[in-house]
Amino acid sequence: MLFLVRMDVALPDTLVGHERADLLAREKAYSQELQRAGSWPHIWRVVGEYANYSVFDVRSNDELHDLLSGLPLFPHMTITVTPLATHPSDVHA
Amino acid sequence: MLFLVRMDVALPDTLVGHERADLLAREKAYSQELQRAGSWPHIWRVVGEYANYSVFDVRSNDELHDLLSGLPLFPHMTITVTPLATHPSDVHA
Amino acid sequence: MLFLVRMDVALPDTLVGHERADLLAREKAYSQELQRAGSWPHIWRVVGEYANYSVFDVRSNDELHDLLSGLPLFPHMTITVTPLATHPSDVHA
Amino acid sequence: MLFLVRMDVALPDTLVGHERADLLAREKAYSQELQRAGSWPHIWRVVGEYANYSVFDVRSNDELHDLLSGLPLFPHMTITVTPLATHPSDVHA
Amino acid sequence: MLFLVRMDVALPDTLVGHERADLLAREKAYSQELQRAGSWPHIWRVVGEYANYSVFDVRSNDELHDLLSGLPLFPHMTITVTPLATHPSDVHA
Amino acid sequence: MLFLVRMDVALPDTLVGHERADLLAREKAYSQELQRAGSWPHIWRVVGEYANYSVFDVRSNDELHDLLSGLPLFPHMTITVTPLATHPSDVHA
Amino acid sequence: MLFLVRMDVALPDTLVGHERADLLAREKAYSQELQRAGSWPHIWRVVGEYANYSVFDVRSNDELHDLLSGLPLFPHMTITVTPLATHPSDVHA
Amino acid sequence: MLFLVRMDVALPDTLVGHERADLLAREKAYSQELQRAGSWPHIWRVVGEYANYSVFDVRSNDELHDLLSGLPLFPHMTITVTPLATHPSDVHA
Amino acid sequence: MLFLVRMDVALPDTLVGHERADLLAREKAYSQELQRAGSWPHIWRVVGEYANYSVFDVRSNDELHDLLSGLPLFPHMTITVTPLATHPSDVHA
Amino acid sequence: MLFLVRMDVALPDTLVGHERADLLAREKAYSQELQRAGSWPHIWRVVGEYANYSVFDVRSNDELHDLLSGLPLFPHMTITVTPLATHPSDVHA
């Protein structure tokens, strides 16, 4: 079951140095683990913005919320979620 | 080069019967031809709306505009285009 | 799996008399069948508006889109869908 | 008398440690007491957001404002209230 | 129990002559009956607009929706409802 | 001459203790003095928000701005002003 | 007492020929009469739009609404009204 | 050549005492010098807001940007600029 | 003096056949005449939309409004105008 | 391949003195280097705002994101990107 997710990141000015680098490293590791597990099949950078559009593949709304609220950057992001369904013209469906 | 495209369809009330069915059939054929050619790798229905989110893969802005303005439903759609770039955390990039 | 759905209805001025009454009767029957089947556990009127807030309980995004796009009033409605998850403070969860 | 209430939480960065944990514990207890008393029959997490949609069942606008403004998190929330009425298609009404 | 209600009127161009005059007369009579009954204590014209701000005094959300949806102009209005509570600084409360 | 005024209050986190209590006490006294003088005939709490809808009765725009900008909470409020006129259906006009 | 007024005009497609020319001539005469009488001291075209920004000088909200609702184009305009007060830095005040 | 300019002021909480008074005095002097020179023919307070609507009379866009970006309060203001043209109904044009 | 102009076109459904082709041909000729005269130095299609972003180079606001309101498509366009000034980092200025 | 880019700058109040001057000098140098290289053919100041409209000429979305995210002011800017295509009426195309 697919969802389009947009994440806009706004890090506080007070987050600097090692603390910042560590947080970003944990975010990257968390994201790549989910990508490899198949729950996060697509992630793209929005050109010119500190933001991404992603596609998640999950079994339920609860699973999706668990994944998103577990993001190390979650407290610093604005997230919007759009449920997706199979399109009748999709040649791959 | 990828672009996220959202299309919202609003057919006029006066479009009915055979004329309507024919238009929708041409739209579907046009979309599936581009999907098979690789220019339109993803198309998803937005749940509850007569709308889709799609990903296009093109060589230039001009090519993308040609593909979109050639859609049989183009006169009846509101389209928004978001340029996408490679995300530094993408395990497939 | 629960979704909050808001439906805003805008009937065309040209829809009158028997045709209108018939459409509204089919909408009501369709809604009540889904309510009795358990897929549409809540429906409330928004005070002062020709609109409702509803809760749907479905197994997938595809099922939800099928139910919503099958509404007799679907061509005359603006629908917004919000995926819901279990709240950690919910005493009934 | 039912109201749909959306609460968006934005905790200040300066709220940390024990003070933060204590505030969240008091919020949870307050919410669960109202749920058990029947004034707050539904609470759902909005997927991907630090927000909830809730339904309140109260006797008056004054009672609803008292309940909401008494929330321990009230100073840190944006709240929107939508009055609900019985829907004529509701099979439970 | 008080509610602030804003009504924006948009009459269709096809509504003219006697039909229009009759509709407006029925709206005025309906409004004045509710004003005299005490359910509609205030009605003000918004300067420069075909719109009004009103205050309704009702016992429940259901009663308010019945009054508003019964307005002869209801199909031609956009209505927004804001629930009001007693203000702690109100010298008349 | 009547104006509908909405005031949304956002106190800074740094305003605490005696300073905060004193400011709120001065706001209340200021409001009640104007209510008793007849310039501020209505004040209602917006349910669920730190906001009010008020009606002011003044002789001029200048007088209204003097009253509003003199509010002790003025630096911490977002204010919107809507000029009101007599409604032709008003039974009290 | 001054008010800034913005008027956006949207004439229906069905208004053509003599009927349209006559309406616009009456609008111009009405506007110029108020300008000469001093109630409408400024009128400017918004560059690129069928719209104007105007300043009105009236004794009351009721007078302003009478002037605006009497505009021959009133049924075809969206109007927004902003009350103005004397600015403390105004060298002409 | 005329422009309608709206300026919304938001002073930081940290600007207090002499520094604040000095900044406001310089803003007033700067404004009044331009008013006397004829570049800033109108300035009005927006009722209930720390904002003004002004009309500027300049020879070019560059001159207007120089005047506005030179305002002592410029770093603390949100400014919107609307180019104005002669209205065909203007009796003074 | 430069202005950024965005034009969004919405042709009525009733405009078809020769009348439509003729209007579009006149629009193109009008645009190209201004481009060749130097008043309209840039015109770009917005990808996926029946819209353009253009840059105009004119001597005054009045001249710009004359050019824009003279567009054959003017009655069917929504136009927004942004005044531009020389940027201090522009290497060509 | 052209893109219209709008950049709105909001420097933090804490950025002052040498650190601020140095950042702005690096931004200017970075911009002018790209202008001279041909990737940034146009930059204009938005009148009255700390903002610019620019046109970028790049080979791909990835190149554009690299250029924009490399701006020294990137962490302090809100950026919006609009892909542009050749307009069929462009006399220079």
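Per-chain numbering from 1; labels A, B, C, D, E, F, G, H, I and J assigned in written order.
Convention: contacts are C-beta pairs under 8 Å (C-beta built on N, C-alpha and C of every residue); 3 or more make two chains touch, one makes a residue touch a chain.
Bear in mind the structure is a predicted one, so any value in this text is a computation, not a measurement.
Undergrad: Specify the chain most distant from chain E by Cα centroid.
TA: Chain centre farthest from chain E's centre: J.
Undergrad: With residue numbering as the guide, point to the option in F-H, I-J or C-D that repeats H-J in over half of the contact pairs.
TA: Having compared contact pairs by residue number, the answer is F-H.
Undergrad: What whole-number Å value describes the gap between the mean CA coordinates of chain E and chain H?
TA: 40
Undergrad: Can you compute the centre-to-centre distance for chain H and chain I, using the mean CA position of each chain? Integer Å is fine.
TA: 29
Undergrad: Taking each chain's centre as its mean C-alpha position, how far apart are chain C and chain I in Å?
TA: Taking the mean C-alpha position of each chain, the two centres sit 44 Å apart.
Undergrad: By residue number and range, which residues of chain A touch two or more other chains?
TA: 2-3, 45, 47, 61, 64-65, 81, 83-86
Undergrad: Taking the top-of-page definition of touch, could you list the pairs of chains it picks out?
TA: Result of the pairwise touch check is A-B, A-C, A-D, A-J, B-C, B-I, B-J, C-D, C-E, D-E, D-F, E-F, E-G, F-G, F-H, G-H, G-I, H-I, H-J, I-J.
Undergrad: Mind listing the chain I positions that touch chain B in their complex?
TA: Chain I residues touching chain B: 13, 45, 47-50.
Undergrad: What residues of chain D sit close enough to touch chain E in their complex?
TA: For this pair, the touching residues of chain D are 1-3, 60-62, 64-65, 81, 83-86.
Undergrad: In the complex formed with chain A, which residues of chain B make contact?
TA: 2, 4, 27-28, 31-32, 35-36, 43-47, 52-53, 82-92
Undergrad: Show which residues of chain B lie in contact with chain I when the two form their complex.
TA: Chain B reaches chain I through residues 3, 5, 12, 14, 61, 64-65, 68-69, 79-81.
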